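Both of the next two complexes hold chain A, though its partner changes from chain B to chain C.
Showing the complex of A and B:
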């Protein structure tokens, strides 16, 4: 469901498939790994994510809080289709850096 | 839309149960499927139901996506708050969310709860589709009013459906969408 890669500038987590109410444990592991990384911004690459629900949106908000506590910004990148529309409904553009 | 008086077809497996799209269109068409709470939690009932529905009627534009998104949220609420009887947790950190998921897993091991059913039904006219989700939980006497009490899921449903109604003391949620 996720893969984390670190570069000099960004720490990138790539999500794929679905992010829903039964994925909290996996997502927490990813989030903690990402926030503990030392490099740059936290980027969530979403091009391979097909579906997100309200719980998934909540997970991203909680990641944002944990990152903020560590003085790290979170960017959401390449959301498509249903995921993009869920972000719009929830006004995520006002909460995250949303990148095409 | 008139109340459903009878069911033209019932599918408990999700298999096609009524005339294919090129067959005669039944009047007052409906489609329904019932599953256990455990099946609903572990499967992808919303995705499957909308795919089955799309075999029966045309879902233009982003309608299939909206139906699946709203139905997914309604089924999640039916499982967690309905049949498993969990109140909305304070989801203010990831550890608490993970703990909540562990509670759900333990409750699903109880046969009396995991066997409670979730029923998804659809009926439609030329101008609209109504999806309903029915659970077998205890319901509630007063529907939640504030956004925080409703939860993010119900907010999503109210945003993307054209009309939302609750019934059966909170055990039933009906969502209408213009076609």
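Showing the complex of A and C:
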């Protein structure tokens, strides 16, 4: 499930449940909406996300690519459990701003 | 006993008056003089007895001084020899402590490395290599997933475009149907017009044929779109397989690697602490040994002081010898009256708790033997008695 909220400083997308291949269409629409928001940096709030697969990582990489084209940084916030371990093994801290 | 006069004493204890050429001495004066002489003779005998005891004491003290000089010399030599030996042993001990530290360092280096193709590689470096290898594998997976998802997005776009194209084909169908309907109406009107509508009938036929061709073309396009959609969906499924990689094993490997690295950190810390503690202890041992060796070097000062004591005793002994020589007592040296000195000699010997030393004192003081003893026997005696008495 995706929920996008815009603030004065950041464009925050809150993810919950699972992020897998089957979510790519919805995620892409959300990503486009987020990048087009023109509001500060992009923050993906992950506190409610329980699981992410490799396709989900790929989608985040494409979001980063798209944001980079728009000269905006992407921050991954509050990743836990399996999501955090996936980020660690993928060394996402070298690609994204990973916030606790 | 030495007597002042050679004359025989009478039965009353008085001496016969000497013959004189002058006036005679009254008897009572003579008797008085004789009495004084007898008292002086007794006093002289008492003084001679005291002098004899003093000389006897001097002779024994001379022996004591000689014995003490010999004993001090032996003790000084014994301490000097053992101080040197102890110093050498402590130096060896210090060397062993340093060697032990170096061995511990070598052991740590060996424990922390493995040798591959003659090159020593630390276990930390191996862990880093494994981490790098795992990172490269995951990076390859991510790159593949990245491209796959990018292609999926493109296929999504294609699929959306195909929907639009399908809608266009639907519009073409509508146009074709209307065209066909118009051609039909035109043909009907041409028939009504008779011969005048002959040309119009031909055109209506052409339009109908054109409509049929357009419909066939639209059907063909729809069919092609169907094929493309099928291909896109098949590609979608394939890309899903490519993009969806089971990364649980990578995560497990990463977790194990992190555990390994943490364990290595902890082990390095413990080994480092032990080495540091060992080095500190070795340093303390070395420092203490240096202090001990320095302290033992003060034995030389002790030796010098003892030599001063021996010198003083030597002077004292010489003084006694001179006294005995001046008083003519040295001639009776062989018969020193130790009997009169027995009590204080016993007291002196009682203070000597080392049996072997006491035996030497007895031989020297009571039996008049020369105080010289061999160093070996003295040392053996000291060790023997020392061992028995120390433990």
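The definition used in the following text is that the second predicted complex is superposed on the first by the 100 of 100 C-alpha atoms of A that agree within 3 Å, B and C clash if a C-alpha of one lies under 4 Å from a C-alpha of the other, contacts with A are read in each partner's own complex, and residues count from 1 in each chain.
Definition applied: a contact is a pair of C-beta atoms (placed from the backbone, for glycine too) under 8 Å apart; a residue touches a chain by one contact, two chains touch by 3 or more.
It should be emphasised that the depicted structure is a prediction, and the values quoted were computed from it without experimental measurement.
Colleague: When the two structures are laid over each other on chain A, do chain B and chain C clash or fit?
Modeller: clash
Colleague: Could you look at A:81 and tell me whether it touches chain B, chain C, both or neither (first, second, both, neither)?
Modeller: In the superposition, A:81 contacts chain B only.
Colleague: Once the structures are superposed on A, label A:38 by its partner contacts, choosing first (chain B), second (chain C), both or neither.
Modeller: Neither partner.
Colleague: Comparing chain B against chain C, which has contacts with more of the residues in chain A?
Modeller: Here the partner covering more residues of chain A is B.
Colleague: Which of the two partners, first being chain B and second being chain C, lies in contact with A:91: first, second, both, or neither?
Modeller: Only chain C is touched by A:91; chain B is not.
Colleague: Which of the two partners, first being chain B and second being chain C, lies in contact with A:20: first, second, both, or neither?
Modeller: After superposing on A, A:20 lies in contact with both chain B and chain C.
Colleague: After superposing on chain A, which stretch of chain B overlaps chain C: 7-15, 25-33, 43-51 or 97-105?
Modeller: 97-105
Colleague: Taking the contacts chain A makes with chain B in one complex and with chain C in the other, which residues are shared?
Modeller: Correct list for chain A: 20-21, 24-25, 28, 53-55, 57-59, 62, 82, 85-86, 89-90.
Colleague: Would you mind writing out the residues of chain B in touch with chain A in their complex?
Modeller: Spelled out, the residues of chain B in touch with chain A are 41, 47, 62, 65, 68-69, 72-73, 76, 80, 91-95, 97-98, 100-101, 151-153, 155-156, 159-160.
Colleague: Under the definition above, what is the set of chain A residues touching chain B in their complex?
Modeller: 20-22, 24-25, 27-28, 31-32, 51, 53-55, 57-59, 62-63, 65-66, 81-82, 85-86, 89-90
Colleague: Which of the residues in chain C end up touching chain A in this complex?
Modeller: So the residues of chain C touching chain A come out as 134-135, 138-139, 141-142, 145-146, 148-150, 152-153, 156, 240, 243-247, 250-251, 253-255.
Colleague: Chain C touches which residues of chain A in the complex?
Modeller: Contacts found on chain A: 20-21, 24-25, 28, 53-55, 57-59, 61-62, 82, 85-86, 88-91.
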